[in-house]
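After this come two complexes, each holding subunit A, first together with subunit B and then together with subunit C.
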Partner chain A sequence: MALFNGFLIVFFIVLFAALIFVGQTLRTSQFLRRKLPLAFCFFMGVIIIFQFFIPPENPLYKEIEDLSTKWIQIISSFALVIGLISLVTMNFNKISRKYEDWQYAVVLLLGFFVTTFYGLRDGFEGKEFDFIFNYMYVPMQSTMFSILAFFVASAAFRAFRARSREATLLLTAAVIVMLGRVELGSVLWSYIPFIGNYFDVSDLAQWINKVFTTAGQRAILLGASLGYIAASFKILLGIERSYFGSEE
Partner chain B sequence: MSRLKYNHKRSNYLLMFVLLAFSLLFAAGAARATGEAALENPQTAEVTAAAAAPAEPDIEAPAELKIDYNGSPEQIKTLCEHVLKARALASKDLEETEARALVMDSLAQLPIEKLTLAQVYVHAVALGEKRFDMSHNYFNPKRSNVLIAGILLLSFIGYFTYHARQGKDMFIRKIAGLSAIDEAVGRATEMGKPVLFVPGIYDMDDIQTIAGVSILGHVAKKTAEYETNLLVPCTRSLVMSTSQEVVREAYLKAGRIDSFKAENIRYLTDDQFGYVAGVDGIMMREKPAANFYLGVFFAESLILAETGHHVGAIQIAGTAMVHQIPFFVAACDYTLIGEELFAASAYLTREPMQLGTLKGQDVGKFLIIIVIVLGIVLETCGITFFSNWFITH
Partner chain C sequence: MPLFALGFNFRPVFEAGGGVSTEGIGIWIAAILTLGIYSFLYKDNFFYKFSEYLFVGVSAGYTLVLTFHKYLKPSLIEPLQEYSRDFYHIITGASVPIVNPWMLSWQTHLVGNQFGSQFSFIFWFAVKVFLFYIFPAILGLMMISRVFPNAAWLSRFPLATIVGYGSGIMIVTTLHASVLEQIKASFVSFAPLFHMKGVDWSIIAQSANDFLLVLGLCCAIIYFYFSAEHKGVILGPASNFGIWVLMITFGASFGYTVMARISLLIGRFQFLLGDWMQLVK
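Up next is the complex of A and B:
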């Protein structure tokens, strides 16, 4: 089995290298660089729009869905190889040319090769792979996510300065919402004369979220959705071509 | 280069083709939906015959419905609830009004004075089976609202694109974030520091990423002109390949292809927080003077923007993710909010065709405002059919 896996890996590396060679040879062809991708884009776009209007009970709906999912998986697999080649080459260069902080590149490549080795040898269920995932990958990911709490505090501190009328409104709304979210806020609110006993701060916070925030978010969403549709049409019709690298 | 130039005259044909395709699709779907084709199909014909028959052995009614039918509103309500439940179990979406229509249709076809509730239920569900048998249809009538809205928007875009090509002047308001791009790149040049461009964490299949990469072309043109280093760390391989092509073309057009460094447009990782750690590391080491965050962002938005703020970079962000916009507004100097990101290409290139699509989009927005106001008025008056029509299934 290991021999078969090894053979498969070598086969795909050779195939990929051959495809790169063919691509490099044909890259000067304007038909391949411009017209063919545009034609593909238009054809696939029309098919996906067509699928949207087919009832899900029709077998054709499922067929198009399956086919597009398979193609996405195939293209993603090839794309991943491109990314990995870039990653490994760049870090090897960093080490060989002794760039600043090249030691980090050694750690990265070591981590990459060790994880790949155990992953290919034992699969996702392997003991070593499991150890790397649970005791290295997950804690590092959690560490990065936890930094967010501190950044929220520092960003809020800057944003909530009452420098203008709008900033003061933002500050007031933020204070009300913060008070409404914690138990202590309700207690403090009750000590405010007149309004303290008239209504609860959590209700006010909820009202701000439900009315103002939702209204603002929906307005942005409506505009963005129209932008999505218009941009999709532009891409399908070939009006928007700047992602090909040319504005002509 | 003339071979590369896009033939604008052909856009008309493309537009006409799409409109024709949609019209044909709609016509075919409508014809199917009327049931003409379904009646010819023996399988559907069997279902129709079964619905007309007084008994249906395959569908069993709940025990509580085995009582005589007296036509009271409560009984019809109970029936509707059961029909809804049965349809939900069969994974078919059904509105209460539709369930009521099913029950009423069933009653209209049957000698109701001799029936129990259970028999009415069986017939209503059988009628629903017939109505919802879409396996031979190529158009889903429940999505006709989307089709009509799409055709309308496409017509507006087509109309304004045509007028833009005729040379009609199109006004486009100033977008501060896009106007500041040159300023940001200029600042980086003066300080002798690089420019960092982050194209979001989604792949090329998202329109926001494509919009971001379009702006990257403009930024790359400026960095090529000013001979400033441009760093583009990517989280997806396809975004990396596309970005490399876009930047290479920009440097080629600026006549500075020798300054293009493919290794500056690099793949980091597909993992969200791994990518954030990588980009933060680049920021801390390279200390860029201008940061661009344009594309799809989630929880990493604030981590990136705050790190950028700490290194003292001028920051321009743009996304259509409503939950991340406040973070960017708080931490960045300029933010492209929602649709402004998609307008960037038209704004920066000032191509008549692109400006036409922008104008068409604005008319679409105006139409939506009218529809919302009309919907509010009608709903307040208790007329629900208008707002119900806009529900997508």
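Up next is the complex of A and C:
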């Protein structure tokens, strides 16, 4: 198996070198640079749309789904490598040229390489990787997200001024939903004369969600979806090519 | 150590037997990093920057590991290993069990060892492996060609594949789930209101809610209709009501977002005060 893995690595290195050579040699061909990628895009999109019209019990449906999912998973995995190459080279440059805050780039690279090493070596079951995940990644991630609570509160303080009818509606809906989500909200609500005893704030929050939020979100979703579909058709037909880069 | 002097019962790093506790060290590291990130609330400082850069590095590493073990390994590396091993065993006639079901069906078909069957097997094996594994791997390698400016144009092929796939998926799934299904869900029935025996307040309330929902939806869509000026007897008031519905939607969404962040904040404080300082059980 080790021999086979070695062969696989050599095979992909040779393949990559050959691709780069071919890429450099044929870089002036307009057909290869523009028309063929557009044909690829069209073909892929049409295959996926075609799959929609095949009954799920037909083996062809499963084959197309399996093939397209595998392709996307493999290509996306390689696309991630591009991002990581960029991250590592940028931080190496920062360290070698002693840019401002270069010391932190060392911390970043250390975090990246240590996590990658233990993760690739032992998988998710590894003791060291598990330690990094549980005591570094998870706490830092939830702290980063939770810190937004402070910024959201400060933004709300500035934005939530009942200066107009619309702003008042926004403020009222937000306050009712927030009160409806906590026990303290129900307690405070019960002190409001008449309505406080008549119904609970959590019921009111649920009603807002069920009626107004559903209506508003559905309207936005319908508009955005029609836009998505139109943009997708433009991409498939080659009218929209901005994803090719600045050259187009 | 003034906090120790105040009598805080921090999570010990050492176990009762004398050994080092991995969990204790982990909790201390997590607590220091948590406080490091919260220190940004005062101002940008060394502890925050350290935690921030470490988070980016660890996240990037975690994403790479996740992608490798969840996608690249099961979609490319393991199948290639499995197919090649089975192919070698079938061709050499080794008495080793064949793992892959597709290859197993070929093995039973090849009993008798005719030249035509063997040729057909090798041909379909090459087609399957190339189409499912080698070709997407070539597209993946083309993506990495972006590193070389003269060959960077090769990355247009994998990009076109991903964008084409995404567009195809978007057209069919969005049309189905976000347009047709949403429209279908908006066609509510008021029949129970007309077939009601006596006064049933639950049916009346349900119908009123449904009416308000449809009215809100139509008015919010009218607000997004820009081909005519929002004036007159219908478009003007409808557009205004649409704005109110959207404002309530945004307010409610904001409220839910705030509460989700607050829940995370409570979780972090529970960790600091419970697991680390051991003040809260």
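Keep this in mind: the second predicted complex is superposed on the first by the 183 of 248 C-alpha atoms of A that agree within 3 Å, B and C clash if a C-alpha of one lies under 4 Å from a C-alpha of the other, contacts with A are read in each partner's own complex, and residues count from 1 in each chain.
In this section, a contact is a pair of C-beta atoms (placed from the backbone, for glycine too) under 8 Å apart; a residue touches a chain by one contact, two chains touch by 3 or more.
Only a predicted model underlies this, so the values are computations on that prediction, with no experimental measurement involved.
In the superposition on chain A, A:100 contacts subunit B only, with no contact to subunit C.
In the superposition on chain A, A:242 makes contact with subunit B only, not with subunit C.
In the superposition on chain A, contact of A:109 is made with subunit C only, not with subunit B.
Once the two complexes are overlaid on the shared chain, A:161 sits clear of subunit B and of subunit C alike. Of the two partner chains placed by the overlay, only subunit C lies in contact with A:136; subunit B stays clear of it.
In the superposed model, A:62 lies in contact with neither subunit B nor subunit C. Touched residues of subunit A, counted separately for subunit B and subunit C, are more numerous for C. Using the contact criterion defined above for the overlaid structures, shared-chain residue A:30 touches subunit B, although it does not reach subunit C. Shared-chain residue A:90: touches subunit B; no touch with subunit C.
Once chain A of one complex is fitted onto chain A of the other, the partner contacts of A:44 are limited to subunit C, with no touch recorded for subunit B. When both complexes are aligned on chain A by C-alpha atoms, subunit A residues 42, 46, 52, 72, 75-76, 79-82, 84, 87, 101, 104, 140-141, 144-145, 147-148, 152, 156, 217, 220-224, 226, 228-229, 231-233, 235-236, 243-245 touch subunit B in the first and subunit C in the second. By the touch rule above, subunit A contacts subunit B in their complex via residues 30, 34, 42, 46, 50, 52-60, 72, 75-76, 79-84, 86-87, 90, 93, 100-101, 104, 140-141, 144-145, 147-148, 151-152, 154-156, 158-159, 217, 220-224, 226-248. The touching residues of subunit C, counted against subunit A in their complex, run 22, 25-27, 29-30, 33-34, 37-38, 40-41, 49-65, 67-69, 71-72, 75-77, 80-81, 84-85, 131-133, 135-148, 150-154, 156-172, 174-175, 178-179, 182-183, 185-186, 209, 212-217, 220-221, 223-224, 242-259, 261-262, 264-265, 267-268, 271. Within the complex formed with subunit A, the subunit B residues making contact are 1, 3-6, 11, 14-15, 18, 21, 25, 29, 132-140, 143, 146-147, 150, 153-154, 157, 161, 203-205, 207, 210-211, 213-214, 217, 234, 236-238, 240-242, 245-250, 253, 263, 266-271, 273-274, 276-277, 281, 285, 299, 302-303, 305-306, 320, 322, 325, 327, 329-331, 337-339, 341-343, 345, 349, 351, 353-354, 357-358, 360-361, 364-365, 368.
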